[in-house]
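So, here come the structures, one by one.
Heads up, the next two complexes both have chain A, just with different partners, chain B and then chain C.
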Partner chain A sequence: MATQHSRAAARFMIAPSVILLLAWMVVPLAMTLWFSFLRYNLLMPGDNPFVGFDNYSYFLTDPAFQAAIVNTLLLVVGVLIITVGGGIGLAVLLAQPMWGTGIIRIMVISPFFIMPTVSALVWKNMFMNPVNGLFAYGADLLGLQPFDFLTQAPLASIIGIVSWQWLPFATLILLTAMQSLDSDQMEAAEMDGASAFSRFFYITLPHLARAITVVILIQTIFLLSIFAEILVTTNGGPGVASTNLTYLVYAESLLRFDVGTGSAGGVVAIILANIVAIFLMRMIGKNLDA
Partner chain B sequence: MARAITPGRKAVNTAIGAGIGILIFFPILWTFLTSFKSEATAIADPPVWFFFDWTFENYGAVQERSNYFRHFWNSVIISVGSTVLGLLIAVPAAWAMAFVPGKQTKNVLMWMLSTKMLPPVGVLVPLYLIFRDWGLLDTRTGLVIVLMLINLPIIIWMLYTYFKEIPGEILEAARMDGAGLQSEIIYVLTPMAVPGIASTLLLNIILAWNEAFWTLNLTASNAAPLTAFIASYSSPEGLFYAKLSAASTMAIAPILIMGWFSQKQLVRGLTFGAVK
Partner chain C sequence: MGRITLEKVQKKFGDVEVIPPLDLTIEDGEFVVFVGPSGCGKSTLLRLIAGLEDVSGGEIRIDGKPATDLPPAKRGLAMVFQSYALYPHMSVRKNIAFPMKMAGMSQEEQDEKISKAAEVLNLTDYLDRRPGQLSGGQRQRVAIGRAIVREPAAFLFDEPLSNLDAALRVGMRLEISELHKRLETTMVYVTHDQVEAMTMADKIVVLRAGNIEQVGSPLELYKTPRNTFVAGFIGSPKMNLIEGDIARKHDARTIGVRPEHLQVVDSGGTFTGKVGVAEHLGSDTFFHVHLDEMDEPMTVRAGGEVGLSHGDTIHLSPQPDKIHRFDDRGLRIA
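Let's turn to the complex of A and B:
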């Protein structure tokens, strides 16, 4: 039984973590919020007057913002569809008995461990380049015109690259969930004459539902913040064709040095992420009780 | 009871599995192969697969072009440093929450997790300005601190879930046998906690090694780790595929191998115990 003494010790042991995370959360957040109400540009020294919601109305009515919101949603939803769909398929496949499971799994998982700048540059140059890339070579073999992926379909190309990085994550989580699938139940269904199709939809998919939700929520948190892949492939362009919210805030603050507008954009990004976070936290919280 | 499966069926499974596996792995394999080609061979049409004059010259060229090993070393210091620092702070906290849970423990854990949901871009501006004013821009110290803070919630959570699995009865048994608090910690708990701590260490080094938001925005050249160094290849000079491949291969090889050993920890660490 915990004593008075050990409770005090416990508090003392938890304190450093709490204080650090509290400072990490509160201080920059308060600064972002404060800056977002100032006219504050690093290129224009002088006092930074309070301008109320000017930055917000500027940021929110900027056509680039609307494009960025649409791009952010397309990027998140596109990657989710590919990775969750592909992940379910791969998890079902890899759960089947086969030889060399270990090595096959290692190959499937590997892209997740590749740093974002490397995967983006490898795809950009060695695959998607319209002159020297392998895709151009493949198109040539088929008698097709080479396609300049990152100029003609920048967002779709980035969705492809990011999906390659995140497919292993979805697969791994869903495969873990597959392992707790009751094989007796499967067998009984098969004996009762249930087709592979109905076994998948009435047993496997409901069993995976919880894991799928977790994958969607966690990936969404990370996908909202995709940055490096865009920076090294398209720089958000052409125009703003591949600019997402994260990249737009980066461009406002560190390329145009507009601290006020950048901060307003940061606040918008926080609100957007929080909407997802609330759902994720609820799911994890429920599990903690169990 | 698992049913017997025909060898034919198993062979088909294996063929499909291996085919998809190779397809997904192919870009990594291609990068590896290209790193040993000459620049001319790297863009040869038709592509050359295995039979070419293997050369190590790209690896030398990459080091010469921009002192590769300094960036490699930066990556090592930043990822290991931030993880070890994070562990020093997190172990006591996770320990206390797992073994002396109070009424607020669950809320504290959830709150810690919520800090991880904060999008980095939401605090980019203030952090950049703080770094500028404190002279932390482009320093390894600055990055160690930031990466420690962004991974701290994951570290605490992973440790907590591992510590939770240590049965409390063992502690009671040790106490019955007359072990004091100190020997309890040294002889009973520590050996049981080491595997969990090691797993946490491994996964967080991987995450810190590959972190590419703060490392790109808060470094220029001095403290740039490999993520930022590789990004400098986005504005190419002449033929560079083989050199890009060599730089990439060296940047991903150590972490890829670590990753292969950490599949289980990955699930635990990134789903916060929501999928088991």
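Let's turn to the complex of A and C:
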């Protein structure tokens, strides 16, 4: 089948989509790189002189940058811990045969279908609001002082909201993995005298290792660029307490109209994401090999 | 010690009674085989003994002690599954060590038992491999090794050889029999292959739809099947069951003659028919003979070199003392 001729034809046929995809990727990347070396502020029209690495040194020495890095990592790690831990727990529970699992499964999955902005707004106004929120009401009932989540613990609150959104994803992936667990193995372990805990630790967890790896890799990609939840809840504040890298880039380029520094920040973010990716693949990628 | 008694043990799945109340005693050191057609409840019965399934009624005793409500691990039994059920992420060594690790045995003791089991089962070279890197027969041996090191009161096997090819099956059959001779531990073995049952068992339990049809040694079942079901199930090829006038001549509803108890004679004989398919096995030849008075062909075992071919007329006469007679309910007439 794959003759010289048909291969040439195939290449010719897929060329347009490959070129389009490349252009789609390369052009913005090249422009971002180019802008990051210019003094380019929308508030100061005129020519945009080439300034070398000035934008980078400005962005990297900004005190907000360090805070943003720390916040980004905290956000990613925090959400990963909650969703993977909770996801394993829920998957193990939902894999048990019990009454109404169908409905419960759909309910568990549903947060994933809600748009990030919407869910963040719901959390902000209906749950975490110190005056009208459900939590404030609960605290009130117990005679406690309402807690202003988004002011007093902004990053933790955002971690909570994002975890709520991503928990279904982790649960779903891990649940499908649970269902491929051979019941004979569990029974063999039971006969071998393994307690429920040992069975979980020695049989279930190793079986889930690959699915957990997939969850961590996919979620990390998305969690590095969390933005909407921050924008609609805290606006990165108070101060920079809940500013992550993505939000900092946005603040630089669109709030201060500084395209040059924003672009430099974007490039820094890309490099950082790649470092994290390499690090992750080194650390847990071996789980993906058969 | 491994004496297992079942008293009025019953199992229902919802409203479906898979095992009606049954009594059975398995003596210490015995090799007991459960046989029966697919779906008759062999696995279910084994799982009831193992404790992987709860009984719906009745009592299970192991060495005289009530075990009905004991969890599987506390019954002191080891099970070998049809799918082997090895732990795929652990090496062979860790697989075998797992029950001992769960029992909190010291490392030296574990190592000693592992090397002993590996030696018995020819697994020494494979101890550091994963189950995925082993052949079917080797996996089966690992599963047996994992059972041996627990030194159980009894071994339970659920069709352990059905995933192996024919040659390997014969080999493993011998190995398991050998192991039984050496360990002298009770073994309960489920199979639907009656050759396995005949060759390995001290005692065969024939099941049909959850009922015990007959219990006895292989030769007892072969010589004196209690009813037509057992008669048709034990023996290969199957016993010929004949109804009608011929049976009535023997004062029975049905008579049974095994293929090996029919003789080809030159003329006369009790049955006369035409040769259908002939199966030449070298040592033996099996003829399927079509009789006028029967719908189903009759199977005959003849010597290796009988010069009959398709369409020839054949005369048969059964050995008179090897005719089994059954009454209206299919029960043996003594």
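Please note the rule applied: the second predicted complex is superposed on the first by the 267 of 290 C-alpha atoms of A that agree within 3 Å, B and C clash if a C-alpha of one lies under 4 Å from a C-alpha of the other, contacts with A are read in each partner's own complex, and residues count from 1 in each chain.
Keep this in mind: contacts are C-beta pairs under 8 Å (C-beta built on N, C-alpha and C of every residue); 3 or more make two chains touch, one makes a residue touch a chain.
Model, not experiment: these values are computed from the prediction.
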Joint occupancy of chain A by chain B and chain C, clash or fit: fit
Vertex chain A; arms to chain B and chain C (CA centroids, nearest 10 degrees): 80
Which of chain B and chain C A:Leu43 touches, first, second, both or neither: neither
Partner chain in contact with A:Glu187 - chain B first, chain C second, else both or neither: both
Touched partner set for A:Pro206, first chain B, second chain C, both or neither: second
Touched partner set for A:Leu231, first chain B, second chain C, both or neither: first
Per-residue contact with chain A, leading partner among chain C and chain B: B
Touched partner set for A:Ser253, first chain B, second chain C, both or neither: first
Contacts of A:Ser198 with chain B and chain C, given as first, second, both or neither: second
Three-chain overlay, closest Cα atoms of chain B and chain C, distance in Å: 5
On chain A, positions contacted by chain B and by chain C: 184, 187
Chain B-facing residues of chain A, complex: 2, 6-7, 9-11, 13-14, 16-18, 20-21, 24-25, 27-29, 31-32, 35, 90, 93-94, 96-101, 103-119, 121-127, 132, 134, 137, 140, 164, 167-169, 172-173, 176-177, 180, 183-184, 187, 210-211, 214, 218, 221, 224-225, 227-228, 231-233, 245-246, 249-250, 253-254, 259, 262-263, 265-267, 269-270, 272-274, 276-277, 280-281, 283-285, 287-289
Partner chain A, residues of chain B touching it in the complex: 1-3, 5, 10-11, 13-14, 16-18, 20-22, 24-25, 27-28, 30-31, 34, 43, 45-47, 89-90, 92-93, 95-97, 99-100, 102, 106, 108-110, 112-130, 149, 152-153, 156, 206, 209-210, 212-213, 216-217, 226-228, 230-231, 233-234, 236, 240-241, 244-245, 248, 251-252, 255-256, 258-260, 263, 266-267, 270-276
Of all residues in chain A, those that touch chain C in their complex: 182, 184-185, 187-195, 198, 202-203, 206-207, 209
Chain A partner contacts - residues on chain C that touch it in the complex: 50-52, 71-73, 77-79, 81, 83, 85-87, 89-90, 98-99, 102-103, 146, 150
